[in-house]
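Both complexes shown next keep chain A, but they swap its partner, so chain B is in the first and chain C is in the second.
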Partner chain A sequence: MIDNRKIESERFLPDKDIENCGLFGVMNTSGTRFGGEMAINAIKNMKVRGNGLGGGFAIYGLYPQYKDYYALHVMYENKNDEAKKNAEQFLHENFYVVYDEEIPTNPEVDVFCPPLVWRYFITPHKKEINGVSEDEYVISRVMDMNKYMQDVYVFSSGKDMGVFKGVGFPEEIADYFMLDKLYEGHIWTVHSRFPTNTPGWWGGAHPFSILDWTVVHNGEISSYGTNRRFLELHNFYCTLYTDTEVMAYAVDLLMRRQKLPIEVVSKIFAPPMWNSIKYMKEREKQLYTTLRMVYAPLLMNGPFTVVIANQEEMIGLTDRIRLRPITAGAKDDFVFLSSEEGAIRYVCPDLELAWTPPGGEPVVARLNSKDHLKSLNKSV
Partner chain B sequence: MYSHLLPEFVVERREDRCIRCRACERQCPNGVHVYDSDLDTMFSLEENCVGCQRCAVICPTNALSVRHHPAEYRKNSSWTRDRFQNLKKQAETGGVVLTGSGNDKSYRIYWDHLVLNASQVTNPSIDPLREPMELKTFIGRKPDTLKINMEDGEPRVESELHPNLELETPIVFSAMSYGAISYRAYKSLARAAKESGTLFNTGEGGLPAEMRAEFGSNAVVQCASGRFGVDKDYLNSAAMLEIKIGQGAKPGIGGHLPGEKVAEHIAVTRMIPRGTDALSPAPQHDIYSIEDLSMLIYALKEATNYEKPVSVKVAAVHNVAAIASGIVRAGADIVAIDGLRGGTGAAPLATRDNVGIPMELALAAVDKRLRDEGIRNKCSILAASGIRCSSDVIKAIALGADAVYIGTAALVAMGCTLCQKCYTGKCAWGICTQDPYLVKRLNPEISTQRLVNLLSGWSHEIKEMLGGMGINAVESLRGNREHLRGIGLQEWELNTLGVKGAGE
Partner chain C sequence: MNELNLKFGFRDNFLEGVRQPEELEQFVKTCGQQAEIDAQNLRHKEINDLIRDTAKRQIKHIILRNVCGHRYIGTRLSNSEGETVKIDVYNYAGNDLGVFLDGHHINVYGNAQDGVGNTMNSGEIVVHGKAADVAAMSMRGGKVFIRDNVGYRAAIHMKEYKDKVPVLVIGGTAQDFFGEYMAGGKVILLGLNLKEGEMHRANYIGTGMHGGVIYLRGNVKDSQLGKEVGIRPLDEEDKEIVEKYVKEYCSHFNCDPGEILNSEFKKLLPVSSRPYGKIYAY
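This part shows the complex of A and B:
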């Protein structure tokens, strides 16, 4: 990510991936952990939204016994033992490795070229290293591994969370990693991928993750080039050429680094029209005008729906003119976000509320709050 | 000395249609049409004709057509007709061959080798007739990030912002000075800019005092090497200030307004004696280096209490990317790049046709350099020269421009036919002249309307093309070269433009 690579001409940049997808997310806002049945069944219900070239899950509240340690899910392609040795040497040099093991898989599930996937629970040697925070230190080491190590790719690196993904329909990935049998969490997000121009690659499936932030995304952003260039100004260099990567870096920049609340960030990604801003109260008008002026290059133009999550929050957002679907649902402490309402009702037949948030209006499910209901009275 | 020049144009008059109304005679400032009352016949002095088409348009019976003269020298690829004529002209006068308007040579026009994208299947195109489509553009320096604090759950911007200007459409009228063009033409630009929510540029000839209250907030005022008309009130009346270092039509040399054009009001506005030549020095004599430029930028900012963005306009020359980077680091809020095809009221032909590089390449290079250096956000880029239609505008934006300057296109909208005789002061269309008889034929109401129509027509077309690409705000196209593809370009050209070839 942090890279001073200068390209000779943008002409040589690879083409962007084009993909359309299905998304689902479920959270228990009281923090109670639950199994994967709902997420798996819901995404199975939206089978036509994927084509079997990528599926993945992000689970929060995954490793309570190791919640103070960064959990690295690392994939070794071609089951490359040499790569594993190098990576482990690198990890031992840079971190304390508290515990590590192979992520158990079900050998009876037939998936396409499965890599070896291992998990490590690690912590940096010191709280702060040369003025760099723990988080930044972990990020830069993880990026180094992704970039420079052959056959090594880190799926996720947050605390008390993990990403499981691969080539196949999401339910196949779930079976392969035995998600429904082995794990519980208070947030599950899932993605089913329908790429149109790339072959399947285990690392290319969603969710994308930076520390404990994950992004699952459906859409093709027409502003990709503008967004990418702006992120480069902030030293985020895209290497995967997907819209989701751009979205993930933008979230990292605005939410983690600049600590802007999602309510503001959503107005950067999907700002109100000038015609609406014109009629706002003076203070709001000034805020939105300034946001649009300064963050114009981060407007995500064209269709998208995104589900962003971290340990505390699960957020759903669709583009400013709602060109991709999203439905929110709630029952007791459960909040659902889905590409299709049918999938929510399939896994929660006695749903209390279901609503469609308007374009640019985030649905924010937070631990121990009812914030997700804020978008209810604005629903379409 | 008997002239060896061949006439440039032939005037054909259909006698069966001519009603001897003598309108052509009255309209022609070059004395081409002559009436012989004894014979009741119109004659044409073709050697005087500049091909401006005024007579052909005015003729009530469509009796006139003006075409290139068929007389030809022996075919010679090296010695073209232009070269013959220019050389002979110099042999007769011993002077510099002058010309007006932009470079007309056949250098590659990159706009014509770039094509745009549209959405199909994987994302939807957007219909501008049914959905909002936004062209609003801010020009000026932007902070890298905003500091936002939450107060009682309400976000509040803490960062201090640099002055920015809001444009309703990313098209600005380029610098054309009062003196070079007539008061009516000048005022038409000001009125059209105001009506369309954009800016006009005063050029280096000052802003007449009586226009400041009404049009100041739409004016970009220039501070050029001659410093004509510059004082505190002039600077403070404007929306934006521009230091003119160079002009695309004549990089490396200054402006030249002959004394004959310096009438009373122009003299007052420029703060020079009436009838004196207004010659701008080639360089700004207080800017011999980048640190000098920085001092002038901050002098202007001091004079205007840091309330107005400052632009620096340079001609596109070989190392324009490095120059632009220096300009941004010197403190400019806007970099204006004027390319090879930029217009002029008067320039030596040799300079106009041979100095500078095409704006498309310069723009791509500047945008890339500023991004590589991480300072692209610190300035806006205004691209000038050779913009002929809305698709040129949109391609410039996709290459990285924040907005474009249009000069020639605006003049054409008012009537100009690019006869390239601006320097003679005998513009038959009343635009580039100070002759009261010629000026009064330009109706400022109608000219304003034509300019407003031009901007509105182009804006509609830009919206159509944006919508086709699945984009509903112009900022999402800025620098988005993924939406461009090149056709018929060589490897190095594609590389410089940073654009893939069609099909790649």
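This part shows the complex of A and C:
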């Protein structure tokens, strides 16, 4: 029976959640590493976009001293020691574990039910195992851990990068993991609020990650079912009950395995309407028709803005009719992506450029390039 | 305590920790008929509380400094005695600037974000920069002037009733779904930043439009228009309207109306006042 008693509350829980996720990303395209101050202050500036049920950061260029090893950030829920023993046994069986330690946290920061979070720097025993590449091998082991191990969840598994996330406002998560004091990187992405249609839990907060790809997402992918079924055909299993996961796996499939550039991938996720294709030149018409036919199950329907990142790139993309906001900004070697322009201005008062790309048009910030400016002349 | 709240740590990020106006006096500097509010360390509700309090003290000109993404500026300012205030915003107004604005004047010396003039009733908003998505959304009266470009869905569901006719003037160009579901009001798109021969890029202009009018300077292809709009030439009455508001635009942003008015305008009108009427009635 559902208990219908009214419970007195000092807090107001609205019937409908009226916030909107906050996204922010900052990259130094020359590869210079910098602290977390900008990312933390920017997301604080957009506090009303979050709700305290989730916050997380992805940092690239995080572990230069271990950059040849896969860095696993592993969370043990309920501080389950047994789970940790099992997981470590599994890791030692399958990898060389070069170094491991607990991720330092600040016990004075009051966060909701923090899990134990540990990091491992690992490498497979051989370069290639039965024709399977290192990357594939790591992914399949990480998938196994997420799928089969109770109370174990791998936050991130890429090289020279890491994800820190949890339940709380992002600035609290940053304080808890002491991000501003301990770490530097050349890309920082951050997300505020919680995963769509899921209760807030530590593993479920954004960013979502696979190898060194991460995704932070504002919106709702209504094509989740179709996308998930297609990804399962390629051995990606969704374990998190939330939509953004499919985006992370789709990025991995298309960009790492199939080696498509993001400029093409963005036209798979957010393809032009048939009505626009009709008016294109013949070559373009062929390209976009082919993409829509071959990759129809990876069209991401519904409103979204995402910031996708890997070691080399930070990409901002919205759905094709832009039902969620994005603003890009640039100054010197810094490129910014944000849900709101104010947040960029707040951390970079002397910003040189601010622009709003059209729906479905990616803003691509790349190491040692000015590619992000390519979207400028299509923008307002 | 609500168990769910406790379990998931839900917090009210809009109102939690908001201070009372009495605690915020140090952020306001009054000088005669003018007051300055330093928004740097204020929440958006605190800013609006201070604006209200200041306006109650008969101060007619309020300057907001260090604004950076603060939302809802100028809302909750009633206008029962017909006394209006002027608010100058430096520099980057947040979402829903002037939402439900009733008779007051807001100048923004910088860019504005989403939802400028959302459901505003009367008054004037002048943005010395660009505005992001859904500018003038559901606007019911008053005027909004944007110096540069606007994002997606400007003037979405703008409406008019008798003598309440909202006006939106945009100096630059617009992105897609411009004038979507427009039910009334006048929108003028000047395209001043388009190069010689360059077209507006917006697609789906006036999709679902069933009232009001868009005056457009510069060119668009038929394929850029929604199914519900048609292009007509301007008549004498239209020309007077365009001239009036272009002159107002130019007085705000110091430009020459003569040159703008010399170029060709198009008038975009809905072809039907009930485009989908047949679906619901037979």
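Simple rule for what comes next: the second predicted complex is superposed on the first by the 354 of 380 C-alpha atoms of A that agree within 3 Å, B and C clash if a C-alpha of one lies under 4 Å from a C-alpha of the other, contacts with A are read in each partner's own complex, and residues count from 1 in each chain.
As a convention for this text, a contact is a pair of C-beta atoms (placed from the backbone, for glycine too) under 8 Å apart; a residue touches a chain by one contact, two chains touch by 3 or more.
Keep in mind it's a predicted model, so treat the numbers as computed, not measured.
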item: Contacts of A:Pro104 with chain B and chain C, given as first, second, both or neither; value: neither
item: Contacts of A:Pro64 with chain B and chain C, given as first, second, both or neither; value: neither
item: Contacts of A:Ile321 with chain B and chain C, given as first, second, both or neither; value: both
item: Chain B versus chain C as contact partner of A:Met46, first or second or both or neither; value: second
item: Touched partner set for A:Tyr295, first chain B, second chain C, both or neither; value: first
item: Partner chain in contact with A:Thr356 - chain B first, chain C second, else both or neither; value: second
item: Overlapping contact positions on chain A, where the chain C interface meets the chain B interface; value: 8-11, 321
item: Contacting residues of chain B [partner chain A, same complex]; value: 119, 122-124, 126, 131-132, 134, 136, 138, 142-146, 148, 150, 154-157, 161, 164, 368, 371-372, 374, 376-377, 469-473, 475-483, 494-500
item: Chain A contact footprint on chain C (complex, rising order); value: 1-5, 8-15, 44, 68-71, 91-92, 94-95, 111, 113-114, 130, 132-133, 148-152, 172-177, 201, 203-204, 223
item: Complex interface listing, chain A residues touching chain B; value: 6, 8-11, 16, 18, 20, 196, 219-220, 222-226, 229-230, 232-234, 258, 260-261, 263-264, 273-275, 283, 286-287, 290-297, 299, 301-303, 320-321, 323
item: Residues of chain A touching chain C in the complex; value: 7-13, 19, 45-48, 50-53, 112, 167-169, 199-200, 276, 279, 321-322, 325, 327, 340-343, 345-346, 354, 356, 358-359, 378, 380
